[in-house]
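Heads up, the next two complexes both have chain A, just with different partners, chain B and then chain C.
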Partner chain A sequence: MSASEAARWQAVIGLEVHAQLRTSTKIFCSCPTSFGAAPNTHVCPVCLGLPGALPVLNRAAVQLAVRTGLAVGCTIAPRSVFARKNYFYPDLPKGYQISQAELPVCLDGHLDLELPGATTDSPTLQRHARIQRIHLEEDAGKSIHGEGGAQTSAIDLNRAGTPLIEIVGHPDLRSADEAVAYLKELRAILLCLGVCDGNMEEGSLRCDANVSVHRPGEPLGTRCEIKNVNSFKSLRDAIAYEIDRQVGLLNDGQRVVQQTRLWSQERGRTEAMRSKEEAHDYRYFPDPDLPALVIDPGEVEILRLGLPELPAARRARLRAEQGVTAQAAAWLVEEPERLRAFQAGVQGGAGEPAAWATFLMTQAIAALTRSSRAFAEVTTAARELARICDKWRTGGLSNRMLNDVLTQGFAGEEPLFAALQTALTGVGEVVSDTAALEATVDQVLAGLGPQVEKYRSGQVQLFGFFVGQVMRVLDGKGDAQAVNAILRRRLG
Partner chain B sequence: MTQTDPRLAAPLEHGALDADVVRRTAQLARLALQPDEAHRYQADLGRILGYFQDLQDLDTTGVPPMVHPTDAAMPLREDEVRPGVDPQTILGQAPRAETGLFLVPRVVG
Partner chain C sequence: MTALLPHEQSLTACAQAIAAGEVTAETVTRAALDRIEAQNPLLNAYLHVDSAVALQQARAVDLARVAGKELGPLAGVPVSVKDLIAVQGMPLTAGSRILQGYTPPRDATVVERLRTAGAVLLGKTNLDEFAMGSSNESSAFGPARNPWNTQRVPGGSSGGAAAAVAAGLGVAALGTDTGGSIRQPAALCGIVGLKPSYGRVSRLGVVAYASSLDQVGPMTRTVRDAARLLQVIGGPDPGDATCDLRALPDLEANLDQGVAGLRVGVPHEFLDGAEGLDPAVRSRVDAALQALQGRGATLVPVALPHTRHTLATYYLIATAEASANLARYDGVRFGRRTEARPGDGIDDLYARTRGEGFGTEVKRRILLGTFALSAGYRDAWYEKACRVRRLIHDDFERAWQTCDVLAGPTSPVVAWKLGEFVQDPLAMYLMDVFTLGVNLAGLPALSVPVGLHPDGLPVGLQLIGRPFDEATLLRAGATVEADAGTLEPPETPDASDRRPA
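Then we have the complex of A and B:
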């Protein structure tokens, strides 16, 4: 597809996001929600769907849904209604899922997205992505196919009845990157509120994407719903693939068929799952077991007052008050643990918060990735890391020494903070004594007569070579700025 | 979202329901109907829909939809774990179970 052909088509994308709520118990019964228990040990008559068992709504689930709604600017419905969504599947014991249909708990919110602009430090694009609704519902159990024989599926109902919110976005997004930015922002908000643990691999946060393409100014195209998107990468890949597929069909004079498609990360494509004709007929109707959910406006105001500082405001403050770059601010706010590590370093005495933030995002994370340590150790060692950052930044450690300290510290057996202290002591001091450095430079240059000649006759790119040779003699511990200055004087 | 089959919205003049609608309804309820049963349900369901048609004819302008027979507000439960049931009791009542899991005929994901 050529660029001009692609430019004729505009993608239109809306996301439906399911988030598991961080409650202790299920939405309609008192069974625990904890992950990883032996199968079918967190069950009771309600979540097993036994006849006569009645659901009783969890107050905490309602509060988390309302907090989320408030955080994204929704109106909280003073009265909302639970409905039965009817379908048969072995991991849904009642034969229906309790959800909300016409009257959800939250309506009409939005996310304002900052999208990367021309340079990383000036986000120039803004996207106002509207949220249509947020509703409460129960999760299904888990089916394991082929367990207990090829013709058998095994069912674990521990997850059945886990509280979920579904956040339904309007089709306001225009590219795979915008969809990723939307999901990242939503995830950051959910984490910041403590509403959801945000773990996409374990399925605590799931996403379906509705994708269509049209020519700007013309009616919207036929959409496809893409399921099985379990990471930011698969969201980006799946949408990019689906846009290409639809544009390809239309350019060939064919039509897009409305259907549900499954993303396969291994095969790198979306595959038809069911067409509109085969679509489920869920026959929603109000659940007679559950009266309307009435939420007192006073209670809503109390929850509003309890909202923490949200990611957008936090990013703005990191930039305005502490000079943190836009990129580092976005990175810090993505995960609460990153922000905690940053703050621990600042409290531990980091001399320049902006430099510390960048150091944390780049050098510290690179060292962590090479090691087998968990991020939590970075937080407990934040004071040591901030000290190392300051020492390096002010010339007390050369690049080579910094690298040695981090590599040795992260590789050590002791707790990270102790291993870093040991490594920092072991690496010794940078050589910045002018007389000693001058002696070394003179000694090195004396042995490189021909190269010095070439340099003086115009091959100035040799300068880096001289720096490298001097540093080699100093075992990488020379003060880089001082070495540069002396070399310039000597070669000048 | 709820979608009303246009054929359901207007029952047949003769009071019988379209045979396809009966088949589709039975399929949604996972019922295997014998031919004579299907015929009987055409008449029975048609009559039931007729009663609803009577209700549809009433003017309900300005009357908010009733979602529950009482005006009671939803009682809420505190988020505290309570013991459930012994898994063995439950699994013991299932037609098939193994290593703590219910076993069912394979469903394609």
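Then we have the complex of A and C:
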């Protein structure tokens, strides 16, 4: 398909995001919610769906849902209703999921997305993505099929009854990148509120995407729902694939069939799971075991007052007050631990917060990625890292020396902050003594007569070559600015 | 004639005799167990009896009494529990094959409270499968029989409980009532049955049929017994979010205060306007109403105009809730699971387990309820039924402006013959027309015996109270009982007769 053909189609995307709430106990019983316990050890008559078991609502889950709603500008329903969503599945013990249908706890919110602009530092594009509703529900258990080559399936009900919120977005997104930006922003808010741990691999945060394409000005196209999207990358890939697939069908004169499709990361495509005709009739009705959820307006106001500074405001403040680049601000706010590390460095005396932020996002993370250390160590070593950043920035360390310090520090056995101190001491001082540098420069140039000739006859791009040669002699420890200055004088 | 054993008398008299040391709990329990052993093979009132544990509980009460410990209000009284209610250590069947092999890990709240009050738990009583029925004939374990005439049904769904209490196989029973399942069998077996206000008694540990209608309640020989038993099992329970937070008043305190000045509403739709009301039932009810008037009550004619819609409303709402409540019986985690066949998928497992495990009436109601909630039909059936439920509720609210209790027949007919309506479920549903509205409106209601039909079968008067006003209801019931007397069925023919002729 040519670019002009593709341009005639507009994608329309809406996300449904499930977030596990970080309560200590489940939503309708007092079983713990922790991840990773032995199968079926965190269960009771309620999560097993035993005859006669009854749900009792955990108000802590309600508070987290309300906090989320307030953070995205929702109206909090003074009265909402739990409903039964009926379907048979082995990991759904009661044969129905307790959810909310017609009357959810939060309504009508939005996210204002800052989309990457033409250059890395111009977040000028905005997208107002509306949120239709947020409702509370319980998670199901997990089915484990044919483990160890077995013919049987096993059910683990530890997860059954874990509180979830489902955040249903309007179809306001127009590209895979916008969908990723939406999910990232939502995740940052959930993390900032402490509502969800945001772990997509473990399934604490899950996302389904509704995708359709149409020609602008014409009615919306038939949509497909894509499931099994469990990383930002798979969200971007799945949506991009699905848009291509639908445009391809339409350009071939075929039509899009409404269906639920599964994303396969291995095969890089979405695959039909069930059609509209095969879709469940969930037969929702109010759960007679649970009275309507009544939330006092006073309680809502208290929760509103307790909201922390939200990611958008935090990013704006990082840029305005500390001069942090838009890219670094976005990166810092994505994960609360990054922001904590940044702040620890600032408190530890980072000379220029903007430079420290960029240093943390690039050099420090690159070194961390090469090592086997956890991010938490970056936070505890933030003072040392900020000091190294400053020293490098002010010429006290050459690029080579910085690289050595970080590589050795992160590779060391000691705690990171101590290993960095050791590496910093070991790397020695930069050579900035003018006389010594001049002597080295002269010595190097003396052996490069032909190249000096070429430079002087106009091949100025050779300058970097001379710098490299001088630094090589200095074992990478020369003061780069001083070396540059001397070279310019000598060659000029 | 020698004195009756306490277990053949009332719960309150029995508790008093045990507390006073006139008889041991063990003697009373043994007597009850002996009668069960002799008569249950015919009556089929019990599905499970645990003699050893019952005697152990009885002996513990006797020891406590001798040791001078304070005894609970039901100390040593042998009672039964409808097999829809979880008792730790006893199988729970709900009258169904599908729960085969299931024993619950915990007591229901009401059972826990029975134990705390010192009651001796004899066993589990027969019922219509999942409490769905009015004759006990849908039980997977065969029907219980009516002690007044063993060719007749005991009513349902708490038929085993009613038969047990009427025949003296235990002094009192816990039943459950979703559309009349305590009151109707109480009426048909000539005992007292109390359906408490919705939310008065915890449903935790009670197998759900229709969660917005189900209530546990007492089935006893006397009104005072019912008051005592509700006092024990009722009141707030944090484990049931639909359980009311109000504490129970003292229900026995004003039982004997009479009905002078009490305004007794007589719904037109339950008497003059009722279809299929047996004239002989009508005359017993009229006599009881006259007696109430004679005691100083005022009879007030009232109208419950939406009564004619109660049957349809009930069978939409109850079955809709049931269709979800019974989804958990899928063979995956507990109870019966079908034999796997080669090539079976999960849907085969579900379909065959449920196909084999559920009886006809249960399947009929699951299908009805599933339909009532289905896409495209929900508005016309389930939603509309919910709106009519509100109108039925409002009928009662209007009645409370002019009366304190309502009175009428519990059942339009006396106990019918076993098998008579098995092929005609709609005719059987129509028998419940007087009791269903009470559940839809969440009200308390009491059935009290008011004498015998010319066929020799008991007739019950239904009294309906204001929400959470069981006290007034019981006071009115006690007055009716004082005039009509309690009923004693003939000894079951092939039972070993322990009483001198």
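Observations on the model:
Rule of thumb we're sticking to: the second predicted complex is superposed on the first by the 487 of 492 C-alpha atoms of A that agree within 3 Å, B and C clash if a C-alpha of one lies under 4 Å from a C-alpha of the other, contacts with A are read in each partner's own complex, and residues count from 1 in each chain.
Operating definition for what follows: a residue touches a chain if its C-beta (ideal position, glycine included) is under 8 Å from a C-beta of that chain, and two chains touch if they have at least 3 such contacts.
All of these numbers come straight from a predicted model, not from anything done at the bench.
Greater residue coverage of chain A by touch, when chain B is weighed against chain C, goes to B. By the document's definition of touching, neither partner reaches A:A140: not chain B, not chain C.
Once the two complexes are laid over each other on the shared chain, residue contacts for A:V430 go to neither chain B nor chain C. Touch criterion met: A:P32 reaches chain B, while chain C stays clear of it. Contacts of A:R84 after superposition: chain C is touched, whereas chain B is not reached.
When the shared chain is aligned, chain C comes close enough to touch A:G49, but chain B does not. Applying the stated contact rule after C-alpha superposition, one finds that A:L290 touches each of chain B and chain C.
Of the two partner chains placed by the overlay, only chain B lies in contact with A:A60; chain C stays clear of it.
In the superposition on chain A, contact is made by A:K94 with chain C only, not with chain B. When the shared chain is aligned, chain B and chain C each come close enough to touch A:I155.
Taken together, the two complexes place residues 45, 48, 56-57, 86, 88, 90, 155, 281, 283-285, 288, 290-291 of chain A in contact with chain B and also with chain C. Touching chain A in their complex are the following residues of chain C: 85-86, 92, 94, 99, 102, 104-106, 108, 203-208, 210-212, 238-242, 320-321, 323-324, 326-328, 330, 332-334, 346-347, 350, 370, 373-375, 378, 382. Chain A contributes residues 45, 48-57, 84, 86, 88, 90, 93-96, 155, 281, 283-285, 288-291 to its touches with chain C in the complex. On chain A, the positions that touch chain B within their shared complex are 23-25, 29-32, 38-45, 48, 56-62, 81, 86, 88-90, 101, 103, 143-157, 281-286, 288, 290-294. Residues of chain B touching chain A in their complex: 1-3, 28, 30, 67-70, 72-82, 84-85, 87, 90-91, 96, 98-109.
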